[in-house]
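Heads up, there are several structures right after this.
There are two complexes below, and they share chain A, which is joined by chain B in the first and by chain C in the second.
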Partner chain A sequence: MAIKFKRVNYIYQGMDGTPFRALKDINLTIEEKGEFITLIGETGSGKSTLVQHMNALIKPTSGQVEIYGIKIEETKKKSSKIKLNPLRQKIGLVFQFPDYQLFEETVERDIMFGPMNFGISKEEAKKRAKEVIQLVGLETGYLERSPFNLSGGEKKRVSIAGILAMEPDILVLDEPTSGLDPKGRDELLELFLSIHNKLNNTVLIITHDMNTVYQYASRVLVMNDGNLVFDGKPIDLFASPKLSSWNLDKPDLIDLCDKLSERLNITFENYPKDLEKVVARIKAGYHE
Partner chain B sequence: MAYIKLDNVSFNYRKDQPVLKNISLEINKGDWVSILGHNGSGKSTLAKLLIYLLKADKGTIEIDGVKLTEKTALDIRKKIGIVFQNPDNQFVGVTVEDDIAFGMENLCFDRAKILQRIETYSKKVNMHQYLKKEPHNLSGGQKQRVAIAGILAMDTDILIFDEATSMLDPASRDQIMDFIKQLKAEGKTIITITHDMKEAIKSNNIIILNKGEVLAQGDTKKILTDKRLLNTSNLELLLPLKLMHRLKQENIHNEELGEILWQLSLNA
Partner chain C sequence: MNNIIIGQYIPGTSYLYKLDPRSKILSLVLLMVATFVLDTMTGMLIFLGAMVILLLSGKISITRVLNGLKPIFVLLMFTFTFQALFVTTGTLYIDEILHFNYYTITASLLVFLTWFFSKKYIKYSILYFLLMIVSIILVLIYLPQGTDFASTPLQIYQGGVEGALFIMMRLIIIVTLSTILTLTTKPTDLTLGLEKLLKPLKIIKISSEEIALIISIALRYIPTLLDEANKIMLAQASRGVDFKEGKLKDKIVQIVSLLVPMFIISFKRSDELANAMEARNFVPGQRRTRLHVLLWHKLDSYTVLLSSLVFVFVIVITVIR
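Moving on, here comes the complex of A and B:
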């Protein structure tokens, strides 16, 4: 087990002095290998706060996060940097806002920063930058551009490239597909899946897109008002009567099947993951 | 006569690298138009040209019959509320409250009206209990909701939403879509920039940008059912429409089924 949350609470100290409890007694275990997890929940429910604990960017106010055997606790506030550095290479975190992550003069230097920080040679980092920029769907010409003079979606892609270049063991992505065009969204999800399949590495994605949950995840976590309210299989989540009370909805394919059963009087034994099954079902019904 | 009119507009950030090329388009008063297109196609740039944050290198922009120039920009801006793609670029106030007030102050609303509208609109987007918080300390979706409240409160004739719901949960997104529908019913002119076809289908007109050019412009149904066109600019068919397309390929199509699937996609 790579990451373990034990009764983790997190309190933000507001500017006006009022504390805000963003995480409430979170217990959670994430394996190093084999998991493809989506983390969902209404806006402000604590998702970004939760994942920032996973590479010790923030530390629990109470309780404990254990990452690869290193215990992170409030009392150990000054846990030395030397300890955290290798940990941050192992767990790569892509921020929700790319602007918080981009800071170098060129895209190339921005992507090279992470790997070089972890001791990779300049030549190797350069090579990786050239590879990953293409993986995220941008031409190598972007390497010379300033990361600040890019479109929203382009920035997002560069911020993802920077983390991929670090080749982390666990990939944690905070809304990596928001702001991407539909083709880019599909291509990047396939990219994350292929990384997962190739190395069996755990991937964790925060998203508001139920299709991503349904089509990709083997496990889904739901946050609601600072609580972890669901940890299980996507198919069980979408059957849950609580779904809409958590501000969530059904994935398009399930919604379509439900509505087709209603309108066309055709039934599905179980929900398909592939539109072709629906096509076949209607075709069969049509020829009857 | 068109309410917003672009005639042969071109723009580049860097010399010899045109980002928008000879854009001509017209938007009527009371229209809800979606601007779609691949990442980097020029959507946000176009929006910034409309509020004179960027200045066209070539061509003219006319809004409500007035040509957009340095002289007219200030007055024209008063007609337009824009939610920027990155909500962090929107925030100027120390607190959420100040922030929602900012746009209204620029429009010289009186104090009582401002206070009352802060109340109304922060409640509308469910951010009322955050009024004293610092905007930069909000979650991504909360930032977007505050930015939207600030624009709605201004009550301008034209509203531009640049991917304003990209980080909202499904229920909040639906809620914002309902507000926009309501604004359209009130006669406002609305431009939504989005990658979400579920949002696009609710507008009545669509403009697709591709590599800085207008690839297509027209009626929503015509454009959102055109698979080839959508694919050209990295877009997609909504699932019921994808099914319709596949069934046609399988030689299954009748009007009733087509209508049902269209209706389903409208409410997707």
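Moving on, here comes the complex of A and C:
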């Protein structure tokens, strides 16, 4: 087990001193291998706060996060001697907004920044930059461009490339597909899936898109008002009666299947994962 | 960053909150000038007493104001030390010799180390620091003496102590006054009051509306920028930037990695803000109505009157002396 949350609470101190409980008693375990997790929940439910605990960017106000055996907790002593940087290399976190991290003159140097901070040589970092820029679907010509003149989607890809170049064991992405066109979104999701398949590494994606959850995830976490309210298989989530009370809805395919069985009495034994199967079932039903 | 309370409004209901910002600003200016002019110890003490009464009657927590004084604590210590050591008028209070020998230096080091390792368990860190300094001085003066390899006289005169206390009190009063203003007045009201008070500057072609607009936008964005800086630091930390450590060369890279995104985001924001304002047909300096109109009550007149009286009184007394 790579990451373990034990009764984690997190309280934001607002500017005017009013406390805000962003995480409430979170218990959670994430394995190093074999999981493709999606984290969903309405805006402001604490998703970003939760993932920032996973590479020790913020420390729990109470409770404990254990990352690769290293216990992270709120200590009164300021001089805790734990080295956090190795953890941040192992667990790569891509932030929600690329503007927060791009700062170098060229895209290439920005991608090299992360690996070089973790002691990778310049040549090796250059090599990785060239690889990952193609992985995220940009041509190598982009390496020479300034990161500030890129479009929102391109910036997003560069910021993802910057983390991929660190070659983390676990990849955590905060809304990696927001602001991308449908084709770009699917390409990136396929990329994450292929990384996951190739090395069997765990990938965690925050998303607002139920289709992503349904199509890709092996496990889904649901946040609601600072609580972790669901942790299990996507298929069980979408069968849950509480779904709408968490302000979530069903993926298009499940919606379609439900409507079909409701209106046309075409029933499904278990929900199919692609449209072709639905079509086939309808055809079969039509001939009956 | 959280203990800078100058410029932070805390909601409340006492009479200080009900006053018009114009009368508060006017009184603040009058009283500040009076504090600068005032040059007797009794006067200062009376002012300090009045300050406490003001805080108590206005239901402002004194610890909050003391916290506000923290940022200028270093400045206070400096002025105090320099005044106390280098002014040599009046009668001699303390005339001792600081001995530097193996005993005293080891003992001082011990005191320092005890302080250093126990300070995180003590709540009143500033008092504890003072205690440490005083103990070291006592050790240097009184410990059984071997052979000194260096010594300096420590002489403190009445004039020095009084001067130091005087300057400290003056600083404390001024900071407290401005803290009262900013604690009890919303930034928007503050700028509105300023705008109204600076109206006469129109004669020399300075538009008070524009000044007020600039101030209020700046105030509005300070918390946002702090928040943003925090997020950028987190984003860079997850790429291996350790803001707490590093050699000078690393430090420079760290700061660049923070500042560049800050600038980019700020420019973007100001661009967006300008567009949004233009889209709503905003023209600076144009006459417009207000949602909140400032109202001048009787209490305001009394406040300004009282402050003016204090001001005139102090001036007259000082001139006569």
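Quick notes on this structure:
The criterion applied here is as follows: the second predicted complex is superposed on the first by the 279 of 288 C-alpha atoms of A that agree within 3 Å, B and C clash if a C-alpha of one lies under 4 Å from a C-alpha of the other, contacts with A are read in each partner's own complex, and residues count from 1 in each chain.
Note that in this section a residue touches a chain if its C-beta (ideal position, glycine included) is under 8 Å from a C-beta of that chain, and two chains touch if they have at least 3 such contacts.
Values in this document were obtained by computation on a predicted structure and should not be read as measured data.
Contacts of A:266 after superposition on the shared chain: neither chain B nor chain C is touched. With both complexes placed on chain A, chain A has more residues touched by B than by the other of chain B and chain C. In the superposition on chain A, A:113 contacts chain C only, with no contact to chain B.
Shared-chain residue A:41: touches chain B; no touch with chain C.
Using the contact criterion defined above for the overlaid structures, shared-chain residue A:193 touches neither chain B nor chain C, since it reaches no partner. Within the superposed three-chain model, A:99 lies in touch with chain B and with chain C [touch as defined at top].
After overlaying the two complexes on the shared chain, residue contacts for A:11 are found with neither chain B nor chain C. Contact with neither chain B nor chain C is seen for A:28 once the two complexes are overlaid on the shared chain. Once the two complexes are laid over each other on the shared chain, residue contacts for A:249 go to chain B alone; chain C is not touched. Shared interface residues of chain A, touching chain B in one complex and chain C in the other, are 15-16, 97, 99. Residues 2, 8-10, 120, 223, 226-228, 231-232, 234-242, 256-257, 260-261, 264-265, 268 of chain C touch chain A in their complex.
By the touch rule above, chain A contacts chain C in their complex via residues 13, 15-17, 52, 55, 57-58, 76-78, 84-85, 88-89, 92-93, 95, 97, 99-103, 113-114, 117-118, 148, 162-163, 166.
Per the touch definition, chain B reaches chain A in the complex via residues 13, 37-40, 44, 85-86, 88, 132-134, 137-142, 144-145, 163, 166-173, 195, 197, 231, 233-236, 238-240, 242-243, 246-247, 250, 252, 257, 260, 264, 268.
On the side of chain A, the complex with chain B involves touching residues 12, 14-16, 40-44, 47-48, 96-97, 99, 149-154, 157, 175, 178-185, 208, 210, 244, 247-249, 252-253, 255-256, 259-260, 263-264, 275-276, 278-279, 282-283, 286.
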